[in-house]
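First the structure, which I've put down as structure tokens, then a few questions once you've had a look.
Chain naming follows the written order as A, B, C and D, and within any one chain the residues start at number 1.
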Amino acid sequence: MEDFHPNLLGCQLTFISPEKMTACDVVFMALPTAAALEYAPKLISMGCKVIDLGAAFRLKKRNDWEAVYQHRHSAWKLAETAIYGITELHQEKIMQTKMVANPGCFASAAILGLAPLLNNKLIDLQRIIVNGLSGTAGAGAELNRAAHHPEINNNLIAYNVVDHRHTYEMEQELSLLSGENVVVHFTPTYVPISRGILNICHVFPQSKVTRDQLLEIYQLFYDASPFVKIIDTPYEENVSWQYRSYPWVSSVAGTNYCYIGLDVDEKRNRIVVFSVLDSLGKGGAQVGIENMNLMFGFDRTSGLTALGRHPA
Amino acid sequence: MEDFHPNLLGCQLTFISPEKMTACDVVFMALPTAAALEYAPKLISMGCKVIDLGAAFRLKKRNDWEAVYQHRHSAWKLAETAIYGITELHQEKIMQTKMVANPGCFASAAILGLAPLLNNKLIDLQRIIVNGLSGTAGAGAELNRAAHHPEINNNLIAYNVVDHRHTYEMEQELSLLSGENVVVHFTPTYVPISRGILNICHVFPQSKVTRDQLLEIYQLFYDASPFVKIIDTPYEENVSWQYRSYPWVSSVAGTNYCYIGLDVDEKRNRIVVFSVLDSLGKGGAQVGIENMNLMFGFDRTSGLTALGRHPA
Amino acid sequence: MEDFHPNLLGCQLTFISPEKMTACDVVFMALPTAAALEYAPKLISMGCKVIDLGAAFRLKKRNDWEAVYQHRHSAWKLAETAIYGITELHQEKIMQTKMVANPGCFASAAILGLAPLLNNKLIDLQRIIVNGLSGTAGAGAELNRAAHHPEINNNLIAYNVVDHRHTYEMEQELSLLSGENVVVHFTPTYVPISRGILNICHVFPQSKVTRDQLLEIYQLFYDASPFVKIIDTPYEENVSWQYRSYPWVSSVAGTNYCYIGLDVDEKRNRIVVFSVLDSLGKGGAQVGIENMNLMFGFDRTSGLTALGRHPA
Amino acid sequence: MEDFHPNLLGCQLTFISPEKMTACDVVFMALPTAAALEYAPKLISMGCKVIDLGAAFRLKKRNDWEAVYQHRHSAWKLAETAIYGITELHQEKIMQTKMVANPGCFASAAILGLAPLLNNKLIDLQRIIVNGLSGTAGAGAELNRAAHHPEINNNLIAYNVVDHRHTYEMEQELSLLSGENVVVHFTPTYVPISRGILNICHVFPQSKVTRDQLLEIYQLFYDASPFVKIIDTPYEENVSWQYRSYPWVSSVAGTNYCYIGLDVDEKRNRIVVFSVLDSLGKGGAQVGIENMNLMFGFDRTSGLTALGRHPA
């Protein structure tokens, strides 16, 4: 285990092959699509609760899913009943389900960042731009060109520039919130940090609104959400500290938090929303723990107050 | 000199105070606003040609300039005749002027990236989003919090999120090109690379257009421009190499080149344009050299084919 | 507070000026030399226990201290009784003292890395080379040239190349352990990571010894030390995983751990010892907490099992 | 070509398979060991001059080579006559040879950094420590774990800690210079920069010597060497600028220069030598060009005054 996770030195955990797995209370699945479609129904019928960290059960439109993932969906019944695991939106349903589809990292950040605006019908639904910036750990543990240090170290690498898979998750959840069809224009770029995502969302208000009004709406919307924090530091002219008015991705690295900040260009009529999270934390493994806590009636924050991270 | 520029070890150049300066053919000015307003007219009247790397002579609307820079403009006559130094747009005028206002780095990248679209009236003029990413050398040589390594190293720092000064340069030049009032929605963010800018521009076409059609329009527009290159590598499914379809900021570090790439989301009707340049090269000192070459009738590429860089 | 420590958003702690401070159980001091010399005796006489994170009370030879820090020592009595806070060596004395001098970060790493060798009289005492590599947070929170991102990002910056202040701490403690005068040859270099120190120690065995023998000696020496771990992964030819045989600085970032690994060049008769720790953790604030736990009879690991970090 | 070298966009060079190669004046070989042993003699007999960037022809002791590279050497005759391509030491022989073995990058930096000391018999030959720090491009263009961005970004990775292959090159050349058997204690570590090597050499003088005396010896030794520069900036107390007293790896990135600096610990009797070069420049491809220039009687600096770099 330490070979793959050097920070777990001395942990005494071991790998076993999935065939040797016996019934257990909960399974966190992180599998290729075909394997996920095969194992998930089996595990559910064995009586396990399942939290799938992959993408096999995230979309509610079968046509979309099959087109996007280029695969026939052989367990659609289960997909229909799986709950999309954004705890801030679907807490009640997660508490009662046996099957959670953990959201994509970019999708989590975008949905959390934009939800209050759509819930309050404040913006143009056809011009939502999500400019995503991701650390290299988001590219996976496997070696790949975009995460090769000599290539990315002094570089910024755009990829899947249009029609990225996570776009469909964003559109699904934001449409649900607004009650209307939402179009999301999403483009991701790798940046040379290890962990974390910053989504910069550019949206256009239907009528005049100020930064303070929006901050109040956001505070209210996330009032009962222990893992979302709104940055309401006043904007300051002092250049050294004005940065504090927006969330820093370094502040949430290794945690289950999503920090959100925003600003309004009153002259040109635009809202900019910043949302940050760790793609391996609130955008990955840790939100899986949060979902488990809800599914089993545990304290929602159990196991999520300490940091623990590899890679650094 | 080597104390400040360790890469110039042994260069035998020295600093002198501006009072000791005698008449010369050309002066590159990099001064605070008040000093620039004072020195520029003096130098011109001494018979020097001037290339100003600062912002004092970039805008054509006096009200805008005085509001943005919070300063009375004491040399407005000169500002009116100064040429905005984007060589790809104003080559003829630069060849005949004594006073060039070197453009802002973000402005250069945005204007070069979007010019062909506006020149051909292809996009919605009210919804131009420019998402700027800048290396830390863009924050200046002086020590500052956003460029303090422990703060920025694993971080992304948004700043001047709305109404950034360079917005006015973009709007001025793009309006000129399109013949109509253009609104630019610009937000910059520092990323942990030393040099270079990537602008990700999200714009909305007036009617259906394909990536190939746009690439042809861009190639044509920049046909005679030695320092702009269009990336027309076909998009490939192979994830390792698809990155090559978009420009890399690392490819232009230390050079006077601007590389441009783009893609079209035909399903959702959006164009994404990527433009990269080095804020100390094509976005700063080197484009100053290019302007000098034009002003004096030298070969436009003189002194610009070798790389030379500090910081690395 | 959040202005300086954005990760503490919502913590509700505030700064007060030292004059307003009333008697309390323990004070962590992080002050310039002159202020430390003034406050420490005052605090002790007020009945406080003191943990000094500065260098004012670390050395036992007054002449050395006054030469190294270029300052008259006005509280030498207290310096004589202060305990040098390496918990692994001075646990008993720390439990009984009112005044701990927290060690320098490089010194901690070097002393922990070399202690078993000196305790067992295994090496040449005149040829101990400590090659220190430090992240930029080690340069302090104040802005400085060596931590300016454009300068250090693609760079390695050696400094205080000979006679660095921490050398005296290393020589003092290692001499104490070996019962003889030890000479340490120490040179530090900044590297572009945020946090953490890697000391690479090159030493020369008095007689033949193998890696396995040394690992056993180290395991035994640190058997009762909860915050020191020895990496005993066998060296593997497979180049992808052989790195696991030595400690990674990223594994201890944000923690109170020191990880140690080593190798022996049997052909050329050299031992290489690697020790890593976080200069803000085991090399700074967290070892201060560990010292406090010992001084007050608390569980030694209290407050030290969770990570918490700014900068990232 | 641009797929692999995006900075060469528009270069119109193409790859051909080696079988299609016809006779030419010079061949730069970068091949696996077995292929190098096969092709080199063929090319020489076809009348080509050969510059081998690999390790097949670098060592003069056959036993050492076969033990280190675990391979039978099938072209030993050629190995015996090949010239080890450190231009500063073997210029005359390189001018007359048909076969140059380009040195290893760490070996080049160490040999250039230490040559004046050994040539003047100033140091203890049994206690030469070379602490090597390398950027990740030194690990090769192929994907590998130590260059995976999430692993190395906030990390320092030691590897081949004892008996590294380049040690043999250092010992061979330094023994040749001193006329006696030299032992080198070398340990390399990857650091998160893209390009470049910093060797920190710790050595022990036979008798008292000062920094100024050594700088003079170095200046004299490299007087006629256009690509070696000695940093003789006086050491300053002002902490902001003292860094300038030692060479920066960022100053030589992308170039064919080796910069050397040094200091002396007169109290503890140690010399520290710093040498920096770009492992893809003076430590790789560019020194190959320099060797070609010498072999063909060209100006030694031809093609080497411009920077050109991928990765950045």
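In this text, a residue touches a chain if its C-beta (ideal position, glycine included) is under 8 Å from a C-beta of that chain, and two chains touch if they have at least 3 such contacts.
Bear in mind the structure is a predicted one, so any value in this text is a computation, not a measurement.
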Label-sorted list of chains bordering both chain A and chain C is B, D
Quick one: compare the interface residues of chain B with those of chain D and tell me same or different, with half as the dividing line. same
In angstrom, rounded to a whole number, how far apart do the mean CA points of chain C and chain D lie? 35
Roughly how many whole angstrom separate the Cα centroids of chain B and chain D? 38
Between the Cα centroids of chain B and chain C the separation in whole angstrom comes to 46
Can you pull out the residues of chain D that are in contact with at least two other chains? 144-145, 151, 153-155, 192-195, 241, 248, 250, 253, 311-312
Hey, which residues of chain A end up touching chain D in the complex? 135-137, 141, 143-145, 147-155, 192-195, 311-312
Which residues of chain D touch chain C in the complex? 127, 129, 131, 133, 144-146, 151, 153-163, 183-185, 187, 189, 191-196, 198, 200, 202, 204, 239-243, 246, 248-250, 253, 263-265, 267-268, 270, 272, 274
Which positions of chain A touch chain C when the two form their complex? 2-3, 6-7, 9-10, 153-154, 229, 231, 233, 241, 244, 248, 250-251, 253-254, 259, 305-312
